[in-house]
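A single structure is presented below for examination.
Letters are used for the chains, namely A, B, C and D, taken in the order the chains are written, and counting of residues starts over at 1 for each.
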Amino acid sequence: MELGMIGLGRMGANMAQRLQLAGIAVTGFDPGEQARVAVAGHGIATVDALQALVQALPAPRTLWLMVPSKVVDATLDSLLPLLAAGDVVIDGGNSWYRESQQRAARCAAAGVGFVDCGTSGGVWGLQEGYCLMIGGEKDTVARLSPLFKALAPAADRGWAHVGPVGAGHFSKMVHNGIEYGMMQAYAEGFALMDKKAEFDLDLAKVAEVWRHGSVVRSWLLDLSADALQANPALDGIAPYVEDSGEGRWTVAEAIELDVPAPVITLSLLERLRSRQANSFSDRMLAAMRNEFGGHAIKPAGEAG
Amino acid sequence: MELGMIGLGRMGANMAQRLQLAGIAVTGFDPGEQARVAVAGHGIATVDALQALVQALPAPRTLWLMVPSKVVDATLDSLLPLLAAGDVVIDGGNSWYRESQQRAARCAAAGVGFVDCGTSGGVWGLQEGYCLMIGGEKDTVARLSPLFKALAPAADRGWAHVGPVGAGHFSKMVHNGIEYGMMQAYAEGFALMDKKAEFDLDLAKVAEVWRHGSVVRSWLLDLSADALQANPALDGIAPYVEDSGEGRWTVAEAIELDVPAPVITLSLLERLRSRQANSFSDRMLAAMRNEFGGHAIKPAGEAG
Amino acid sequence: MELGMIGLGRMGANMAQRLQLAGIAVTGFDPGEQARVAVAGHGIATVDALQALVQALPAPRTLWLMVPSKVVDATLDSLLPLLAAGDVVIDGGNSWYRESQQRAARCAAAGVGFVDCGTSGGVWGLQEGYCLMIGGEKDTVARLSPLFKALAPAADRGWAHVGPVGAGHFSKMVHNGIEYGMMQAYAEGFALMDKKAEFDLDLAKVAEVWRHGSVVRSWLLDLSADALQANPALDGIAPYVEDSGEGRWTVAEAIELDVPAPVITLSLLERLRSRQANSFSDRMLAAMRNEFGGHAIKPAGEAG
Amino acid sequence: MELGMIGLGRMGANMAQRLQLAGIAVTGFDPGEQARVAVAGHGIATVDALQALVQALPAPRTLWLMVPSKVVDATLDSLLPLLAAGDVVIDGGNSWYRESQQRAARCAAAGVGFVDCGTSGGVWGLQEGYCLMIGGEKDTVARLSPLFKALAPAADRGWAHVGPVGAGHFSKMVHNGIEYGMMQAYAEGFALMDKKAEFDLDLAKVAEVWRHGSVVRSWLLDLSADALQANPALDGIAPYVEDSGEGRWTVAEAIELDVPAPVITLSLLERLRSRQANSFSDRMLAAMRNEFGGHAIKPAGEAG
């Protein structure tokens, strides 16, 4: 089977390698030369234009998009005119499922198939395999199954056709919402142990022991144990947490469906809060306390 | 009626004045000379020792404690041996209601009455009157009613005998928990308007208009409008919010009684969070994101 | 000054009366005969068609929409073709501010002015006046000021021109978000007192005393005291809380602007939760506890 | 090595078996005959009195308590007088770490050693091994290491001496707090997918695919997949979630140490909420909405 991989960043490059190692003939495209060179170093053919990519593939073509969600539409703008009926586009990135549904309709109008594939596993996927949540038509997904088998941790595990177009990215969105909540739960627990000076706990040791036999064992705990082993006091790391969008979508979807998801929601809000340098809300509270109780206001800039 | 006021800080001094103005003969005691001098300037008799205070009052004596909750027991240690059966001690501070119950028992063993009086109103109480939530025995509270009438906004409003000993401080504790939640709600709303650059809202103007006819009008809003009028951008105020204990008790009590109080609880946690200079929890999240996704960590100390 | 009021429901009918009492000549329209008859009983002219309403008003016309947000666009569809350049439409309902901005553009294309007026005060506005947050062009708002003076609690208080089109409904949206948080804070506090059997507190009495001199005094507390006075145990009321949309918009806006608003957000989620009859989430937790700890599952339908 | 196991419930019985299989000579005691008989069926010696247990063990004796936390003190009351200097008591249950510290002092006064061992693993520990977090003196823990090696998943993994007495139960307390947060995150995610009728997702299938290669893979997810496989709609399960105390302790400790732990805290509150049959808080909100907006109250008992 042959595949065109569009986007050779951290995720796309690793996936191209894993596919290639499994015997899939991958041709990669990325607008950046450096990205192409890096992938070529692993024996993967690369091209420097979408047109060249399309020409390099036998019909019906399979194109895997592994690009930031905000450039998917622009990529389709360029790609769709080059494709023919029967070709298939897979969006393996973190797109919003409703946009995937619209994109499927747009592709369908051109006779092109569309599959949305939520992809989890991060930088470890190359070695350990990726978890793939797939939305699309049954026949199309079946035809692409060799790809999924190559990418997943085991040929028959770690990938699933979960529903029609949109269902893949929807499941991945919820997956990421859960991820936020789990991460926050661990972070709070370790912060509590860190503050408990009385016991002078070795957090890496606690994380390590929990990995074996405990109720909270998980892959995120494995990674936490690694991080704490390497940097027990988490020195040099700013308390600043990014979010990449899926958490927001999860929160919005939950509210739209009248499903209370307080922990996932709070986990997102904590990230927003971590990035606030001078909270207006907290200054307002301090000002109110001063107004009603004469409580002293701490001047800005004074040490904590 | 005569009263001994123990503690002439911000609250005690103001209450002594309001009582004196209402015709109650107040003798004040405070270990600090400056506090005594300030109160004396308002024509209130002061003494510099508890013993002198007790001697200055006719039996049966009425002593009002307006001291920090953590020194109430030490004050009783000194005071109780000086008192006689029939005397009454009122704790008007923010004590934990269970300690008030224990103190009532201790006083009772000496034949001394005890009343717990939750007092709200802050620095504005001198002018506007105090809201008083009173716990104690019916007869005792009735005998003390002239005091409560003098302190409350109107003789028959703003004070109430709400139950047995402990009920006063319990109600005040819940009052303060609600206060946390209300303050946080306003603070979040104003922070949201502050961030909405598109409309360049004049927050003092919005606060002012809400004071008249809106569903959210309140005394806390009146104060917020004042604060925003005086300092529209809340300049020079650190985003650092203290808490004085009652919120913690409210949260603990709610959990003990199996009553979910998420908003009051979160309001407390937000205050804790406002005081964190370098959240371990957030650094842990950043470290985890780096581990699984290769997401860049922001170095400590780098500008936001 | 003359005004056409479109929508004679609870809010529109009361506002029409308050305007009429202030000397504004109001003509009312509502598709429902009952609503028209009720308003006519207060001496207000009514018509049974939009066209008749437009014809009844002198140019330049002023039309006040007081209809559910979901029918505003349909109303404009019918109304705009009947209007002439120089006429003005005021949307006094709870519309989403972004739709108001779009509607203003649509009106402008027809030469018609548009003002968004966030209106607070509920059923009490007829007597006490409404709080009005107004967005629009300076000249237009100035021309309409007699209306706002008539509706607000005092001619010069309780209404304000807060910014360009959209700013009025934006401020009202945030107002309602704050309202959710305040209501939830009170509700939690009263629930905690209700559960504290030891003190057998009279909640109406506590609410009443708090109304005078306390930090938590507010109009919502006045109403709470009324409600508890009338029905101390809140008998016969289902624990089921509706939401009307503005809370959702506030939460979405806060997240979009990276402003953490945990208390407003949780207040919304608590309402969603109040309406869940058989929480999947809670069943999932019970199932997990059974899986790992062998903890007994409570069978569905068994009494609490 | 020989051991006396006190408490042959679900946990104690399984641990006794795992120890016995590893060559530790276990004598079990439980006041309940049925529990003793069950354990005896696995070839473990049992006795029907504490005195007999103490006599059956060679000095210095090792006693493992696996009893509910609320009966630990009563058990020590009976046990301590029977022990001699040099004996050691291990509390393997979910005790509050501060009580463990007090119990250690009490044992020390009698020359008896005390070790607190937080034990995780639930009903699966017999097969998979238990995760053990151990607090106590270095020499004592070293002497007992054969027991820990036998109970843990692998002789050198899954158990750790984390600090002085109290540190074991403290770590286990935090572990359980994290567990609450993780469970709630999964529960919310699955509830959201359950509500998304559009995709008709097979939740067991999604849970299964996530187990392989995803960021959220964990043991709790393994169990969730099992539960959903067995009962896809979670039929017959009441939405009623118990809590066993450690979550409350975690929340209280976090607040005492000024560590905001919003997700762990909310997870506890959600459990409290799941057990409320007729929330006063929600009725209060409904009553307030009726007061200010005339919004209809849903009568109690009316279908959702």
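Simple rule for what comes next: a residue touches a chain if its C-beta (ideal position, glycine included) is under 8 Å from a C-beta of that chain, and two chains touch if they have at least 3 such contacts.
Chain labels with UniProt names: A, B, C, D = 6-phosphogluconate dehydrogenase.
Quick caveat: nothing in here was measured; it's all calculated off a predicted structure.
Superposition on CA atoms relates subunit A and subunit B by a rotation of 180 degrees, given as a multiple of 5.
Relative to subunit B, the most remote chain by averaged C-alpha coordinates is A.
In this assembly, the C-alpha centroid of subunit C lies 47 Å from the C-alpha centroid of subunit D. Chain centres here are Cα means. That of subunit A falls 33 Å from that of subunit D. In subunit A, the residues that reach two or more other chains under the touch definition are 122, 184, 186, 188, 191, 195, 215, 219-220, 258-262, 266, 270, 273, 275-276, 281, 292. Listing the residues of subunit B that touch subunit A in their complex gives 10, 122-124, 183-184, 186-188, 190-191, 194-195, 219-220, 223-224, 226-228, 231, 234-242, 262, 266, 270-271, 273-295, 297-302, 304. Across the interface of their complex, subunit D is touched by residues 120-122, 125, 128-133, 135, 152-154, 157-160, 162-164, 166-167, 170-171, 174-182, 184-186, 188-189, 191-193, 195-196, 198-202, 205-206, 208-221, 250, 253-254, 257-264, 266-267, 270 of subunit A. For subunit D in complex with subunit B, the residues that touch the partner chain are 215, 248, 251-252, 255, 258-262, 265-266, 268-270, 272-273, 275-276, 281, 292.
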